[in-house]
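The structure's right below; bear with me while I get my questions together.
As written, the chains take the letters A, B, C and D, and residue 1 is the first residue of each chain.
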Amino acid sequence: MQDIKIAMIGGGFMGKAHSLAYSAMPMFFWPAPARPVKHVVVDATEDLARTAADRYGWNSSSSSWEAVINDPEVDLVDIATPNNLHAEIAIAAAEAGKHVICEKPLAPTSAEALQMLEAVERAGVVSAVAFNYRRTPAVALAKKYIDEGAIGRILNFRGTYLQDWSADPDSPLSWRFQKKIAGSGAVGDIGSHVVDIARYLVGEISAVNSITSTYITERPLQTSGFDALGGASKSDGPRGAVDVDDEAISLVRFHNGAVGSIEATRNAWGRNNFITFEIHGTEGSIFFNYENRDELQVAFKSDPADRRGFRTVYTGPNTPYGEALWPIPALGIGYGETKIIEAHDVIKAIVDGSRVRPDFADGYAAALVDDAILESGQSGEWVKIPTRDGGDV
Amino acid sequence: MQDIKIAMIGGGFMGKAHSLAYSAMPMFFWPAPARPVKHVVVDATEDLARTAADRYGWNSSSSSWEAVINDPEVDLVDIATPNNLHAEIAIAAAEAGKHVICEKPLAPTSAEALQMLEAVERAGVVSAVAFNYRRTPAVALAKKYIDEGAIGRILNFRGTYLQDWSADPDSPLSWRFQKKIAGSGAVGDIGSHVVDIARYLVGEISAVNSITSTYITERPLQTSGFDALGGASKSDGPRGAVDVDDEAISLVRFHNGAVGSIEATRNAWGRNNFITFEIHGTEGSIFFNYENRDELQVAFKSDPADRRGFRTVYTGPNTPYGEALWPIPALGIGYGETKIIEAHDVIKAIVDGSRVRPDFADGYAAALVDDAILESGQSGEWVKIPTRDGGDV
Amino acid sequence: MQDIKIAMIGGGFMGKAHSLAYSAMPMFFWPAPARPVKHVVVDATEDLARTAADRYGWNSSSSSWEAVINDPEVDLVDIATPNNLHAEIAIAAAEAGKHVICEKPLAPTSAEALQMLEAVERAGVVSAVAFNYRRTPAVALAKKYIDEGAIGRILNFRGTYLQDWSADPDSPLSWRFQKKIAGSGAVGDIGSHVVDIARYLVGEISAVNSITSTYITERPLQTSGFDALGGASKSDGPRGAVDVDDEAISLVRFHNGAVGSIEATRNAWGRNNFITFEIHGTEGSIFFNYENRDELQVAFKSDPADRRGFRTVYTGPNTPYGEALWPIPALGIGYGETKIIEAHDVIKAIVDGSRVRPDFADGYAAALVDDAILESGQSGEWVKIPTRDGGDV
Amino acid sequence: MQDIKIAMIGGGFMGKAHSLAYSAMPMFFWPAPARPVKHVVVDATEDLARTAADRYGWNSSSSSWEAVINDPEVDLVDIATPNNLHAEIAIAAAEAGKHVICEKPLAPTSAEALQMLEAVERAGVVSAVAFNYRRTPAVALAKKYIDEGAIGRILNFRGTYLQDWSADPDSPLSWRFQKKIAGSGAVGDIGSHVVDIARYLVGEISAVNSITSTYITERPLQTSGFDALGGASKSDGPRGAVDVDDEAISLVRFHNGAVGSIEATRNAWGRNNFITFEIHGTEGSIFFNYENRDELQVAFKSDPADRRGFRTVYTGPNTPYGEALWPIPALGIGYGETKIIEAHDVIKAIVDGSRVRPDFADGYAAALVDDAILESGQSGEWVKIPTRDGGDV
């Protein structure tokens, strides 16, 4: 079996998730398309990198991402850094001829995302953006239903991503609240996942009309932890300004005529990882809530009137990716599984020389929507999503 | 105990619900503010009216609403007709010095609603509009929480009203699909309830930005049944044009700074009477789904981190209207209870000489929002909600 | 339309529910089988009775149940008193030639229940026992599915009735905790409903094996309120002994080979009116929870593997009793509706001269099971349910 | 960091889960107590073993479990074979001085389980039985609540494990339906998990009273796949007899006075991995359903009456094992996480020289309960659970 040697840039929470995925992928998908080799991990300092290597099982470590992307042994560069570093690393990696997988959002702005896309295209390498939630088995099952015509023509879509880890005004001003690093707030961080799911299930978005709000305008300066989520390190020390959105609600229009809404906020007490979508079609409806991610709800017009209603279908051996996962429905799909599937699909594309979705083109398309949401939030007007060559969809 | 003699105009499904309410009110609220007397019911023909009187227990019947509103014995006129008759009857009733309760939406257009409002004001009579869902005990409990500050300052609101009874293109072209009778489609018929709930819980809406769609542009002409809902009388005969909206999704801005969205459609397979709202505040969140109407979900920031989450609170003796209703939570709140409470509150206002909410001023305010949703659906722009004297909020 | 003149004995919470039912029945079921006339209500004193008549809309009142059951105008005697009065009143009413509906459980013991059954049989009158929950539309839909064979041969049944109104040791020692009045605790008060549902849906129970417990062995003596449920009148005054069960869990065997369990307790914090059942058959499964009573969940083996799962079906026009109730599913079934249907079915039986179910034979059968549960809770052994003539099933 | 070298016996689904756990453990728990080294994997043939090693990332492979347990480099033997091989391997491993983790149930009978227990005690090695579900974070949170007294004294417990993979009579006669290999059917396979959870949360079980049933008495002989679950390989070929239970329902009494019930069946259409428990205490209640395993529901008596109800608490950083897992509640706990925690706890015990729970003593205790359930299912009488030295609890 072929080896695919990986350099991972970033040893935080996402580094953990990706490391798990590479180790577990052949256990789940067998025969595996290739063997992922955890070749080298990069973190901000030598110490951090060495610890990451020890902890996550990488063969070596480095504090220089520049060095590792020029390591001739490396096949795939995996970027799991804060958003503002994505473009520089990804472009350099592509120019070094490496395949690239990059965490989401692809970049703080669509302009940078475009540069990244152009770089991988020039280089002819495989690219991927880590919108992992579309690989939740139940989301893939929704896609299968739609492709089979089970709910008919799609009329509308409403998607949400609600969390509460930033609802506390005393939670720290991490990089996720700083525009210069993150690019945006809820829109890019979590809203982009919903945009990706919308594009995956319904199609291209043509225009948006948004409200954006910043609920908590200053937060305590962060004194520890690079990637803290939530209230881990509350402080009554000095505060700094938040310059990103806490909330975005958008109307959306799809190219195929469907309409809908997308909402994202990290200030929703009681919601944790509340990624939901509801889709109504001419022949049925679909509902999904990631908090109960083993299940998909689907209603069919064709059921007899006295037996019609949402069915709660648990994903398992008979649904997408099922054979590779667990032998019984509801045995338990976790976050890891979405990343294991992602790793599989990316490595398979590298081996096959095929395109994997979502790739940098998808990441760029999502970034265009994110930018439009932010712009509409400012202007109060419908913003059309441009096509890549500058026209409107 | 004082008698309040009632003339009810309309003997359809709503006539049944209102009749139940008048009979049951003193059973639930005791001592009752007054005794509702089911004096006379009016329907389109003498036969229909006589049947309604027999069935619903009214003392007499008539086919002339003009006659009964001039009956000096009548204290309260109850209008349960299709929307296009509301204004004429209500204005005449007010001019005859009668108190008036009118089914929702108050009128097909805000212009008519304003005339109705002015009429009751001139006459100095009690007016009420039958947005019954705000009287669901769990909705009243949400109001109580908000008034107590339990969820802090409200940040946002998203409300839906989803049904599926018009999702079938073969369901008949009832009056509810005809603009000249209904005024609008989903917006007035069901969206207006969500507008009322939003105003009740959050406050005045200042502006909206909407998408409106008509999914099914023609339907079979109706050959029977005045007020058919759903597929009761499917037909393959001739079809007529639908000239109202099947779907409306709106961004909303509230006067107090809160933001949100409102959606209404009767084309959502699998949803039946899916009136939901979710409200996030600085100190907590609330979620409600009418399909499980005995319960309200509420999350509090102040709970310890390892015991925080949405609480499912069942309404009962310890929650609003509880003493009057059933002695154990979840014994079962039905549609009737919302109407029984409504009847109580209206009759109490008549006796007290006080204002009941929602009244025609509320009905007019909701109609202004409905009109703005429809206008924005056409223009694609934010539409401000005018104040009554013509300015913007 | 024929009149059926009713004498109702008892003006508490159940009196309210029954009064509502009689008033509303023709509104829902039209043409009605007959017109229920609220002829006379009886309560413990003249004052209480007069108030009940005023409040619940009865034509007259009395403090003598003996007098009213001998009133030649009375057709139907409705017994809504504490359990220990059921037998005496019912037997006298039957002997006076009156039809009888009696609240559940039919009597404190099966011996008394048998006397009541024999009395109505001797008299040839219609009898009914008010196990209203089997008339929840979703429960009737479960029965329809089973009768249609939709879930195949029934393998097992587990039913629960969980409440929490007696979980507080400071809630008062009402009659419901006194064996001499109530006969038993959770078993008769609420478990009997589950026994009735089990018999309705699955068939006759042949044997039980039980644990019974009394969690709170003394409670404050009650100083007010005849029929208080829950903590309405907490007290730190003197306490008295509880001599009934707080909890019963039973294994059950059905005559047709199905097995299962039944549990009842009023000490389950967080459960309010949690009547649930789950039934597995060879072709599918059914789940019901009264707290969400508008819906029934059903799963079918015959669904394709990737579309199989519990369907959430909302009752409405297309399900049992649907035409009579509300025109849209999930508009809202409350406690009242179960009683309105019950009133209809009883009055129809009187008019038709037919048998209504559940009748005193059913009430007796349930009482035999209740007694067996209590006996097994003492003996720790399987107790067979005797047949009426003394043999075992 | 110390190495713990592992020999895993069995390369099926459980081998996959355990392999994942060993690879991922240090990624989650850092610093790890030791580094698990996947030293050697054993399967029935050299080919199968080599494939398992390749797939699951083991350093070597073997078809002789006898050989590997005598390999002096091996520290820990992990037994993931069918039940009938557990005892022989575990005893030999203990005698070779190896620590042992064994899949559940510990053995087909309590007699064998006792031999295993005695063997590890004699050898003084760490033992563990893989009742992984008690390590679901939400179950551990339930334990924490109980230990903190949050729900007061426990009154009762009812637990279920319902699946549907054997509901189809055409699913094959795998080893799980053969007494000589599996020992029992639903009781040992899945009911034992509920027994373990009951013992973990409530305490020792003193007696049981059961119904056991075999619904499908013959199944197609299996022609492929050693460990098939469900209908994967349906067949119309020859059939063989099922000699184990399909269903068991038990009353249970705990040593501390609590009562309850336990049910297990793999014939429940629509249930997939429906491990649930509900516990009522004097101060509150807990409900858990593994199908929605990220959440625990808890109700507290101490909440104000108008804010009381089940709270839905999502496990995350603030709940047990939280720091080690994912940084946001509901990010997604899967089956793997339960095994990763298990691997951690076992290896930590080896390093610390401490006892891990559940160990072989717990496995034996559960086996005693399983045997008692089966015995009571035959005798129809209460069966006391003996203590280890032969007395009754």
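For this structure, a couple of remarks:
Here, a contact is a pair of C-beta atoms (placed from the backbone, for glycine too) under 8 Å apart; a residue touches a chain by one contact, two chains touch by 3 or more.
Keep in mind that this is a model prediction, so the values were computed, not measured.
Chains that count as touching both chain C and chain D, per the definition above, are A, B. As for how the two copies chain B and chain C face one another, over half of their interface residue numbers coincide. The chain with its C-alpha centre at the largest distance from the centre of chain A is C. In whole angstrom, the spacing between the mean C-alpha positions of chain A and chain C is 53.
Between the Cα centres of chain A and chain D there is a gap of 34 Å.
If you average the Cα atoms of chain A and of chain B, the two centres end up 41 Å apart.
Multi-chain contact residues, meaning those touching two or more other chains, occur in chain C at positions 295, 300, 305, 308-310, 314. Only residues 151, 155-156, 158, 167-168, 209-211, 213, 215, 231, 247, 249-251, 253, 259-261, 263, 265, 267-271, 278, 280-285, 287, 297, 299-301, 305, 308-310, 380-382 of chain C touch chain D when the two sit together in their complex.
Residue ranges on chain A touching chain C, taken from their complex, read 141, 144, 150, 295, 298, 303, 305-314, 318-319.
By the touch criterion given at the top, residues 1, 13, 16, 19-20, 23-24, 26-28, 30, 32, 51, 54-57, 163, 165, 229-230, 232, 272-274, 290-295, 314, 316-317, 326-338 of chain A touch chain D in their complex.
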